[in-house]
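Beneath this line is the structure, given in structure tokens, with notes to follow.
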Amino acid sequence: MMVQTAEELLKLQPVVMKQLQTIFDKKRLGHAYIFEGGKGSGTEAIMHFFVQLMFCEEPRKNVPCETCRNCQRIKSGNHPNFHQIYPDGQFIKVAAIEALLHEMNKTGLEAGRKVYVVHEADRLNPQSANKLLKFLEEPEGIVTAIFITDNINAMLSTIRSRCQHIKFQGISKDTMIKELVAEGITLSMAATVSMVTSDLEEAFSLSKDDEFAQARKTVLKLVEATFTNVHESMLSVHEDWLPLFKEKEQMELALDLLLFAFRDIVAIKANPEAVCTYPDWLSYWKKVALQTTYARLSTQLQAILQARQQLQRNMNRTLMMEQLMLNLQEGKSFV
Amino acid sequence: MKFDIMRDRLLDGLNDVMKAVSSKTTIPILTGIKIDVSEEGMRLTGSDADITIQTYIPVEENGEQLINVEKPGSIVLQAKMFNEIVRKLPTNDVEFEVSEKFQTRIRSGKSDFHLIGLDSTEYPLLPELSEDNQFTVPADLLKSIIRETVFAVSTSESRPVLTGVHWQIKDGELVCVATDSHRLARRKVTLEHLPSEQSSVVVPGKSLTELSKILNDATTPVDIVMTNQQVLFKTNDVLFFSRLLEGNYPDTSRLIPEEYKTDVTVNGRSLLQAIDRASLLAREDRNNVVRFTTMQDDTIEISSNSPEVGKVEEQIQVSSLVGEELKISFSAKYMMDALKAIDGQDVVIQFTGAMRPFIIRSVHDDAILQLILPVRTY
Amino acid sequence: MAERKQKGRIIFHIDMNCFYASVEQAHDPTLKGKAIAIAGNPKERRGILVTCSYEARAKGVYTTMAVWEAKRKCPELILLPPNFERYRIASKAIFDILRTYTELVEPVSIDEGYIDVTELVKGREAIELAETIQKRILNELDLPSSIGIAPNKFLAKTASDMKKPMGITVLRKRELPNILWSLPVIEMHGVGESTAKKLNELKINTIGDLAQASEAFLKSNLGKNGARLKDRANGIDNREVDPNSIYDTKSVGNSTTLPIDLVEWDEVRKTIDGLCERVAKRLSAKNLAGHTVSIQIRDADWHNSSRSKTFSNAIYKKSDILEIALDLTKKHWHGEPVRLLGVTVSNVIDRKETAEQLSIFNYEQHAKEEPIIQVVEQLQKKFGKEIISKGMKEKKKPNYESQTSFSKDFLEDHKD
């Protein structure tokens, strides 16, 4: 994780930072908080900021000093009164909660507040959540809990209702593209990755990833083929697409990229000045946009979405792609 | 930091602190042992967060120079590695030197180890405990207090506070109580120089079991300090800290009846053996229940009946049987645990009814009191 | 017993036609020939029909139909509240008639049962016997029934369903492919909606598909039940007619379809409270206690779910059941509209078999009962243990005021 200063965090999440600093300033620390925010919204960094603030020996203007023994130990993970739990596989397991409660039911090794953080809290399975619920309802000692999630609705309502909700703003696409271009990424690539992720760091590494560049190229080649004829597109599926996208996650990403291409065409058809996922293909989009109808584009978008669902249901990939190619041709007369 | 130390003394100290170190800790620094060296001596600290053990080695003891301090300081070293190294050093003279970036050099004879240590400021701070509220119990007595109570703590985490033993100082007595809600063990000790203020802590059962392991059977005094953060047991050069359980311990004093309806005095050992035999036929899944029935002529009957297995009845002559007739069922295991804690003496069992707790104590006094909740059969 | 497993058995499945409605018509002959229906609570328009007469069925009314909808289809429909005590008495009378022929009577529910008549008749005599039984039930009790005759339970049950009312149908194993195989799997006894859906996903659409599917394939997709269903589809069923099966009461539960979809916790809590009350009464009537408590929730979209919790101490008290049921509901219900709620205590055992370890937190409630226990013990001492404990048990009579149509309390009547 990039170490971010308080000023940077303040810029990233001005509302949240003010809210947390006020809570600290007014000494109104609650029992439990939910930090809700997507990738790149700074939930992790701000959680660390907030925890450090709670433990710091000499906070100044509601900012932790970063240098005292407690700040240091929060950073190194050695503070005995600070505990974090993470999912193990798909879920946060009961064993993890039991270990946490074992810790929380005792007095702290050091005097003062105890803090625990539940990462990806939407992955608490019902059993784990219920174990935790009792403690959340009647905490022993001075305890503060922080649940981090990117989707508060996926959390059990019983837990939600016992926490103060801190909502993080997502990073804007424009900001991200600007940041990436400033780092030397091409505008075309920046535009594409900013559609795939809202996490700046992930966007940066994707931009530099050869595999991603190859995927982008393959998808665009297929788009072109679909506008030529069904034989071309079938060929492209078998020669390029299927050999490249072997894993489910790869296929998912590829279908998303395909969807973005058709969305570009719709956008350009409506407004030739629209912001594209593939700005480097702008002239091609303009050309095909003139030759097609909204109805047909809509059918095509639906076909891709359908394939995306079929993928989730583990449909045979070859069959799924062949079907998709036929569906993308629908409405166009074969010559 | 730079000093020389006698290897055998260092090893003794390490042996004690290693008992607290666990590889399962979630706090990375606790996989290490902290070494603090001052002009006066060396302190070793090991901890698994729940318990912390400290030993102290003075610079000089009985005129013998144990440590030669050139430059005081502190360092944390990986516990397992450090322990192994010291164990295998070739001579009894060990030289330590910590330089920049926690580089630690350990030399003995011709061997020369370079270890990378950890920053000692990362290590947890132990509470400063004032000696004002300190009191003293001989080690052997402390051990038996633990033995007589800790078996009754709850093993289930559903009420965490019951996994500990409640230590309470009240009216010049130390009262230790453990209960898993089905049975209860209480030990009372009258001690001199108890703090006048009433105070209480709930010490995790596991911590007491660990403490028991490092106590000797002699009358060596153990100083005890109870605070609301930790409890400390001090003996000679070893300090044993334990965290406490949070939460309020239930008021158990109301459970102990004021008057009784049926009093039985019986030889503890013969009762224990009879229960043990009867429990052979008591089914595990039915709480291992045996039945206790008062009979005529100072006799009681212990019986057990499992439809599929069979039944057993055994009559025991008791020293005295006073009061109302009674039929009561209870867990054979709890009864045997209780009788073992009282240790074979003649015991008094006092009942107030088939659905109410009953107590077992020695004929002599109620310093050790065991209470059991009956089993209701339908 | 082993001998009975031999080939060539003759099993009857007796199925009462529109049982509750028929009992009402027998009770009040002015209702005969009229469209009548029994509804959980006729006044609550969201209630559903528990059953209805053939006259009502002719107008397109069917069981489980919503009351308001039935009224719209058939404005002259007479709605009656259920009177379970009445049905219980009628049911007992039916089984008493059956028992005059053989001991091998297995009641399955309040209105159906199997009898094994292998030792009584040969060949065609079976049809005569069935006719006699059917006539007796009609003449003595004024109740119509259908009887299926077959070499096993599955075929007999299938047969009794083929002709209603007052039908007698013989079904031989070899006739099965012609009669059943072309039907969709959902038509087969033992195949519910969810199983049918699963089978359809496996491209098994008809009973014939099921009969011819590979056993290994079925087993791997549906487990043991898959193999069992294939057997049934081929007319194979080795279950005996077991008069003692009524003693295996494995669970006691109550459920209620709600007049309106509940969304408020307070209403849900009140309903659960009522259900627990009834379950506790039924447990008490049977002198039972159970180790497992489960709750069933059906939401407005007809999604069913259930959750359970098991304890080492068997419980039977309303307060205990309620605490657990509420706990389960609280954790499992997230505010979606609720259509049906149920509470079940399973893993039940006779209370005499149970032992409860008292705790410091609950002994005082038990201690309150000490005086009664003492009196009983004194009586036992005086008159002998058996008499009193039996007397205590008999003192408690089942209470049939429960609202559920799924009640199996009537089975109590067949014990002793």
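When the chains are written out, they are named A, B and C in that same order, and each has its own residue count from 1.
Quick note on the criterion: contacts are C-beta pairs under 8 Å (C-beta built on N, C-alpha and C of every residue); 3 or more make two chains touch, one makes a residue touch a chain.
Chain by chain, the UniProt names read as follows: B = Beta sliding clamp; C = DNA polymerase IV.
These numbers were taken from a predicted model, which means no experiment stands behind them.
Undergrad: Taking each chain's centre as the mean of its Cα atoms, which chain lies farthest from chain C?
TA: The most distant chain relative to chain C turns out to be B.
Undergrad: With respect to inter-chain C-beta contacts, which pair, B-C or A-C, contains the greater number?
TA: Higher C-beta contact count between the two pairs: B-C.
Undergrad: Could you please state the distance in Å, as a whole number, between where the Cα atoms of chain A are centred and where those of chain B are centred?
TA: 49
Undergrad: Need the CA-centroid distance for the pair chain B / chain C, whole Å please.
TA: The computed centroid separation for chain B versus chain C comes out at 56 Å.
Undergrad: Could you give the separation in Å between the centres of chain A and chain C, each centre being the mean of its C-alpha atoms?
TA: The answer is 51 Å.
Undergrad: Given the complex with chain C, which residues does chain A contribute to the contact?
TA: 126, 130, 133, 156-158
Undergrad: In their shared complex, at which residues does chain C touch chain B?
TA: 289, 312, 351-361, 363, 366-367, 369-370, 373-374, 377
Undergrad: Name, in rising order, each residue of chain B that touches chain C in their complex.
TA: It is residues 179, 181-182, 184, 250, 252, 255, 285-287, 289, 307, 327, 329, 331, 353-357, 373-378 of chain B that touch chain C.
Undergrad: Taking the touch rule as given, give the residues of chain C at its contact with chain A in the complex, in rising order.
TA: 330-332, 334-335
Undergrad: Help me check something: in the complex, which residues belonging to chain B touch chain A?
TA: Chain B residues touching chain A: 26-30, 47, 49-50, 52, 121-125, 127, 157, 160-161, 204, 228-230, 243-247.
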